[in-house]
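Each structure below is given as structure tokens.
In the two complexes below, subunit A is the common chain; its partner is subunit B in one and subunit C in the other.
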Partner chain A sequence: MSAVPNTARLTTGRDTGPVVSARDLRAWYRLSMFGVVREVKAVDGVSFEIRSDEIYGLAGESSSGKSTLVKTIAGAIRPPLEIVGGEIAFNFMAGTDGLHRASGEVAGQVRWRHLSYVMQGSMSVLNPVRRVRASFADFAFRHMGLDRAGFEAAVVSHLARVNLEASVLDAYPHELSGGMRQRVTIALATICRPNFVIADEPTTALDVVVQKEVLGMFRGIQREMGSSVLFVTHDMGVHAHLTDRLGIMYAGRLVEEARTRDLFARPRHPYTRHLIESLPRIGDDKLRRGLEGSPPSLADPPDGCRFHPRCSFATERCRREVPAMTPVGLDHRVACFERDRVEASQ
Partner chain B sequence: MTQALLELATVSKTFSRGGFLSRERVEAVVDVSFRLDGDRAEIFSIIGESGSGKSTIARMILALQAPTAGHVRFRGRDLAELRAEDERTAFMAAVQPVFQNPFEAFNPLKRMDRYLFMTCRRFTGLHDEAEIHAAADAALQQVGLTLAEIRGRYPHELSGGQLQRVAIARALASNPSLLVADEPVSMVDASLRASIVALFRKLCDELGLSIVYITHDLATAYSISDRIIIMQKGRMVESGDARTVLADPKHPYSRKLKESVLEPLAPGETPMFAR
Partner chain C sequence: MFVVIRDLLRHNGDFLAGIVLTGFVVAMALLSFVSPYHPLDQFVAPLDVPPSAGHWFGTTSRGQDLFWLLAYSIRNTLAFGILVAIISRVLSLSIGLLAGYRGGWTDRILMSINDTFIVIPLFPILVLFYFVMRDNMSWVLLAVLTAFLGWSYDARLIRSVALSLRNREFTQTAVFAGMNTREILAREHLPFVLPIVFSTTLNNMNWSIGLEVTLAVLGFTDINRPSVGGLIYWANQHSAVVAGIWWWIAFPVGLVVMLFIGLYLLAVSMNEYIDPRSRLDRMGGQGR
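Up next is the complex of A and B:
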């Protein structure tokens, strides 16, 4: 299988090109009921790149399309979800066009070996009626090219990276705490040293003390492996402390993207600015105001900029035209016609 | 001393699980005492990680669960002594819950306005249809909605933030004097969270409604609470004025909790998990 060399990690080395690039991606849910076609434009024209050795954060609220974007990138496309347009390319699948168009054989070799996932619910990843050891064998054994003894040794030494002892292999998932289970799923997702890891709200179900511990280990493993990560969470506090670059999604579109530090220091999109300003902080006595209104329905989104009904900067142009992502600085892009006014008002 | 609105006196709750031979006892709440004054409304926050006993306290305040030891008193009356139907109804009207997940709290096949009408009919003694509608509308206006907006709508037609507002309006419909809100914003989107939390502050200040706010989120607790208690493994480890406690926590667990909060960085700060 020449398209998927097993030595990709060795040959890419200090590769500077993007590991993942998506161009004008459109993924819609198409429902046909009684001859009436209803389209939900969950991902509508999203372009971005994830570079090698970085954690790319994706923030957005429920129904902003982030889960659909994750499904599309992972190639988990099932009706009624359809990829209507655009392209996804992975550097470890040179010459092919995303996982969703790959054959079952190629996809089987890429998944877990080159692209793996950490999900929110560790209970739905680990088989509840089998010991943790069996989950490792199911997911990773065939990709590692080791014999049984060698595989066991590799698993044990990898578990040590997330501070877990070999004894967890003999445990059933329900015997472990939530934090331990999530560390097992992180170990499971990274044992094959994948080029690219998708982490979808991996710490949202954990409480703050455990979350801090798990995020520290996650960064440690990423640093050691040099993997690229797409880290999805609605928690802006997590993004501030973990991600290298950050994209903000609103109603199916990317509205701003920058290095995380720059995005927090100088947000240019009114929505980003609101997200950051509405966070209460300990020691700050100002009572935060919420944003009026609700995110739009993706089955019937407003014309023009989709944020305009909730935006205090909106003009007539925002109601008619869709703003394109425009560079406003180093690694900083924003989709807003009124970006200069937004910035001047800070 | 005036009569307390709510008083917990050395309350403990032990659950036992397991079979006949191997019985395991779990101490969910151990010796918790606090009181809320009757003449001054306040927001009282209970903070702790999952499994610290916060929700068990909420269930005991709502009389959904009886304590194993100690007493929960509402306006001086021990909840364990509420037997008569009319007494229980009066208690339920006065102490109302708001639950964590608004998507699960409402029956998906039932129209939202029904919940408000039912609560009004049962607790306010109104019978006339027009009066009930007026009372429901008044409750909704307290939370920034109107009856016209939610009339005939089903839960899936509203966002999480709107659903939680309706849940709060429903709780207000019986004119309660105490609201028990168990993790009310953890399922609500970030852009709407601040407005719900601010709404609690407004209800407390304007309606004189006392609120027991249960959360694991220190930042929202800081922004709206008057007093807080911090719970660990069923025990109260620290309590006091919210600003004082959170500005300088004394107990090692409270400190650890505060250090673990991930907040946006101030200029010059370095991220915890930088590259």
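Up next is the complex of A and C:
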């Protein structure tokens, strides 16, 4: 097993197959306390693909398993999180075992160079007691294969892409504004021109104005490098603005997936509909109704479709059987038995 | 760095006092290099002369000039304190950072060793070593022993900081970027704990010097090597206080007390600089 050489990097074109594909991925938190094993099925049977040169969004409320899914794909598995089953394949790496089972050497070659990860709380990715330059040197230098001077030049020219001057390299993180820090983080994650970038709620700490600016730059860099991005946030507004395709997660499972435009125009899953209907629109003064109830405990999820206790379309079948992801149109998949009734009712 | 020191000198009375006191003691130690006497020479000066223009701190009953002998003694005592501080810092840093970062079994094993050292009674052990080693007990050996007994409290302190660093995003990013444990500890975590280490180092020096003085006063060290405790030991052997030769006791005690207070004030004012909350506390409790 070895990483694809750097020259074989993908650039553009949708015919090259998926960059990442996950099949029936299951990642559970397993805790054994006083002999009682407690399992939290945070990711339970998720399958999806991310194509080259696209931004794939992942939405869902808190505790729906988004971050766990991201950690699983990035191979950042630490106890009590365990990958119980499923396959992850990357087009820049042989095999279907994913990063978590790769040898340290292979993982070292793949990470950052081919797959980089902007973690949740990315405002604090930079070490507060070290200058920005040191963070670049620590995290990215080893993956670039350049000498010191070449690396410095690469960093400076890459920072220019996010409208930052070379002087930020000499700053400590606290001397930068939130937006600047965020842009440094994005520059840090993309400096090696990775094939695949995972961004876990990277803009949550910013106000909407700065957020829009940062997202715009992120989009620009992604377009320029032709990377694929997995973008996670619960903010549907951000998804509408940024992503090409969108997957909706509920209680550890993917419930709907479609091109972002299609998903917003014709949601087929009742949960997606609630998510979209909750968005405020300019000129629309209709009263927004919240969704009754709260997401199920992942330690003891309901049988059948996990959304059925809160679903107004639920039937007896939903309580017993788990709906599979079924194609309902071009690039559109939904896991709902009553998808036709849901669509007809809007 | 220079600006920080200047500001501290200007605005922090404790720091200024600490610098002056410690500076005086260090200057005294440095003077030993230009001493007209060899420290082991005896009966080279008139006996029992009180402090005077010729002999600033007087002379001892063994015919030594107390000023120059004290200069040698404080130099040796300082060297002891610094050596202990360096060795014990290396130990407490590497063990504290490793235990805090690795967690799990590494942490449990290292911390049980650590806790063992915390509860070991230091003084009897050092005395025991003296009786076993006798003439082979050099000051370097004593410093190494003291360092091995004196790292545990600070290792726990450093571990507690490392524990909180372990779950920070930059640590996880560092792991993801492929940095190994040694690199993460040395480059990402060490800068965090250095200020704390700086302030505890001064306290550690105070502690080890106090221990050495105590041992020497009781005669449990190499008594022929001039040290502040050794001076007091010889003064006691000659019943200096009974004989009215007060300067033989007073100057060594005074000097070592100056060193203690100086280091303590430095540690306290450093801590205030490092931890701004204690500054707020002093201003009127806004820090809470």
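A few notes on this one:
Basically, the second predicted complex is superposed on the first by the 331 of 346 C-alpha atoms of A that agree within 3 Å, B and C clash if a C-alpha of one lies under 4 Å from a C-alpha of the other, contacts with A are read in each partner's own complex, and residues count from 1 in each chain.
FYI, a residue touches a chain if its C-beta (ideal position, glycine included) is under 8 Å from a C-beta of that chain, and two chains touch if they have at least 3 such contacts.
Small disclaimer: the values here were computed from a predicted structure and weren't measured.
With subunit A as the common reference, the superposed partners subunit B and subunit C fit together side by side.
With both structures placed on the common chain, the touch criterion links A:A240 to subunit B but leaves subunit C unconnected. Applying the stated contact rule after C-alpha superposition, one finds that A:L263 touches neither subunit B nor subunit C. When the two structures are aligned on the shared chain, A:L215 is found in touch with subunit B, with no touch to subunit C.
In the superposition on chain A, A:R281 contacts subunit B only, with no contact to subunit C. Comparing subunit C and subunit B on the residues of subunit A they touch gives the larger count to B. Using the contact criterion defined above for the overlaid structures, shared-chain residue A:V70 touches neither subunit B nor subunit C, since it reaches no partner. Distance between subunit B and subunit C in the overlay is 8 Å (nearest C-alpha pair, rounded to whole angstrom). Taken together, the two complexes place no residue of subunit A in contact with both subunit B and subunit C.
Residues 54-55, 61-63, 178, 207-212, 215-216, 218-219, 223, 234-238, 240-242, 244, 260-261, 264-265, 271, 274-276, 278-285, 287-292, 294-295 of subunit A are the ones that touch subunit B when the two sit in their complex. Put simply, subunit A touches subunit C in their complex at residues 74, 76, 107-108, 111-112, 117, 119-122, 124-130, 134-135, 138-140, 142-143.
Subunit B meets subunit A in the complex at residues 49-50, 159-162, 189-198, 201, 216, 218-220, 222-224, 243, 246-247, 256-265, 267, 271-275. Interface residues of subunit C, counted against subunit A in their complex, comprise 168-170, 172-179, 183, 187-188, 191-192.
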